[in-house]
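Please read the structure below before turning to the comments.
To keep things simple, chains are lettered A, B and C as they appear, and every chain counts its residues starting from 1.
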């Protein structure tokens, strides 16, 4: 529209895209609050947690204790410290969110890039596969896949303990969460592949790619050196929005008893256990629930803000 | 008394990056049945001028900062949205630039074409449909009885612009505002659409405000021309005067860049530089940085050049720099 | 139109077959079988039962046997654990899940579409901000937090509403709200986005220039195009509401399909797992088709393109 024309031209200044985006993001108050909140939660879970009590120490004489100097948020049904349980549980929840997203990025970007760059029959075949996978109920398949991977990893863990004398508790803790990363990540990449493909298709016809081709660079080199780096920005913005949904999936799985198992715990587990004592001690549900929801809030608002900041179309108004 | 009299209109956009002075004090009048042109580069404020008369600029960020627009005894700029909507599409209607995007793709032509009659004149469904079919016939769409029940995507660009014209003229408006009606069309169709607007104008006796960046089009359709640059009118004259003796450097530069007026083999003239940044307050002559007269050093810097009447009805901004002999 | 439908149905069958293949091999890759957990049955009896259920056949034969039975005999086999036909189990549990899904969807649509439309129309006003903040709550607060909170905050205070159970029609209220809130949130955001996209189009300016009232512009000119993304979303969302209601069903103790799916996996009850997965897949395929047909109905350009193809 003509009227917007003026404003659009005004934006043409010598700032780089990244700097520009950061400036815009900084003006977005909601995103900045989210960023601050997220920093606090992450620091608390991954740094402060080490200074807290052991989340697995049971003390049946002190169950359902109200908040006190020694237990800031009180204790649960087994007398465990709620604060340290929340912080340690947060580690697992966030690990699942972040690592599964990383898996997703890896699969989604490569798949989408190859599909978009190859074009033609390869592209339509690969996209047909994505269409097919879209029609599959996600949670259903994640559950089955997780059980399968868990058994494979479980065998591997036993082998590590038996053959090499690795620390059993340590190995099994990881053996319990790794299947979640893989199962969620292995099925969550579809949208990302589509986004990357669309990006690659538009980039591959641009002049600098033509230039690279005329210099005689190999397809693989052009794809991974010149095309993919330019799609990563969009992919990461999208990924910011998948982290909260993956954290939610983990919680749902754990709630159904298909997720992490003791001695590991996660926010999903805490909420599930809290729900059992809803009438006696609602804080066991409400406190983890609030922290869980606030984290998802921040991730979603930050992702929205990032997208607005990087999307040139949105920046015109 | 003129049909429409705009006086000292000022429109600003309050954007995140500063205040844009899109229209900075323009005045013009439209007489009954007359065709008035507003010519300028894109971004010069010519569309904003007309949109703001009908309350069509997005507010915010847009804001009308001053001026009046008298139409039949009322000031369009101070009417409420409700009062204004009684005039829009009834007494003053518009034709937009891009017929591909200006028609609603989800609605049949019949719905879109009968809408003005039904809401403004309170016509019933079948009566409005008959009138719409007649109107389609009048704008030269073949087989209107059948085609009125189609969707916009079933029409070509030229046909869609005819539908737009039918939609604008169906209420027999007193003023028709045409915002670059031929720019988005194929060259072969531009001519037909221009002729059609002219014919309809003569049949209905409407006045037309013709917005364009194309001086050649102006010479064909307009009676009176306003040349707009950076939110201001730099020259205003009857079309004959403007082409015979253009005064302002910008008008002359525009004329020099019309391909048809160029001698064969000569390089086409282009105006150097870019239009000024409208976020910054310009105290002197707006065209000074791009001016290529021998006297360009004398362009005003301390105050804004006023429009003065050099010969009857021929007004030009009184800037000694821009009025001098051209250097080329 | 018929050709389009035929090709979509063919595609749907392809999807279901792919789903079957993936699920089949995943189920086979799971450790153990339906009888592993049964400590009371002697080993030789188990062997007999495996033989009877066809579990000892070569993998490839098993892979072909199931679709053969489905296509030729219309049989989805039987649940090894529950010793009942899979079809019976689904037929018994489906009505509850369907009722829950439908009411959740109705709740979501009634809540989300008005919020989305109003938010788009009053963009950047407090109405918009609060509408979208509420939507964010729906996205970020999971059903297993909302459900229990509704139970203690509402059900304990209003005698007509029970904390859990599935006897009278009113029992559906809280579970439907719990389940529908997340969908409502996405739907509200989509509706807002779709409406904003349309409201920025040139033809809305044309409509304003014609002197139409704001309400007429919204209803006649903007709503139809603006709702397309939402309609496209409702199809798959409905399928997801039915297949994703495990948690809500367990919170409110509803005898739907969710309970069977989780136990079927822990029991390695493979025919039940296959049957449920295929049933869910079938719902997704059908609802996607319905959504696409609705979008085609709303968008005249799509309609034309399909007839041409």
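What we mean here is this: a contact is a pair of C-beta atoms (placed from the backbone, for glycine too) under 8 Å apart; a residue touches a chain by one contact, two chains touch by 3 or more.
Just so it is clear, the model here is predicted, and its values are computed rather than measured.
S.K.: In terms of CA centroid distance, which chain is the most far removed from chain A?
M.R.: Max centre-to-centre separation from chain A belongs to B.
S.K.: May I ask which two chains are joined by the most contacting C-beta pairs?
M.R.: A-C
S.K.: With chain centres taken as the means of their Cα atoms, state the distance from chain A to chain B in Å.
M.R.: Measuring from centre to centre gives 52 Å for this pair.
S.K.: How many angstrom between the C-alpha centroids of chain C and chain A?
M.R.: 23
S.K.: What parts of chain C, by residue number, touch at least two of the other chains?
M.R.: 202, 205
S.K.: Could you please specify the touching residues of chain B with respect to chain C in the complex?
M.R.: 54, 56, 81, 85-90, 93-94, 96, 98, 101-107, 111, 115-116, 119-120, 151, 153-154, 164, 167
S.K.: Chain A touches which residues of chain C in the complex?
M.R.: Interface residues on chain C, with respect to chain A: 12, 14-15, 18-19, 22-23, 26-27, 29-31, 136-137, 139-142, 144-145, 147-149, 151-152, 200, 202, 205, 239-240, 243-244, 246-247, 250-251, 261-262, 265, 273, 276-277, 280-281, 284-285, 288.
S.K.: Flag every residue of chain C that touches chain B in the complex, lowest number first.
M.R.: 201-203, 205-214, 216, 220-221, 224-225, 298-301, 304
S.K.: Taking the complex as given, what residues does chain A use to touch chain C?
M.R.: Going by the criterion above, the answer is residues 1, 131-133, 135-137, 139-141, 143-145, 147-148, 151, 244, 248, 251-252, 255-258, 268, 271-272, 274-275, 278-279, 282, 285-286, 289, 292-294, 296-297, 300-301.
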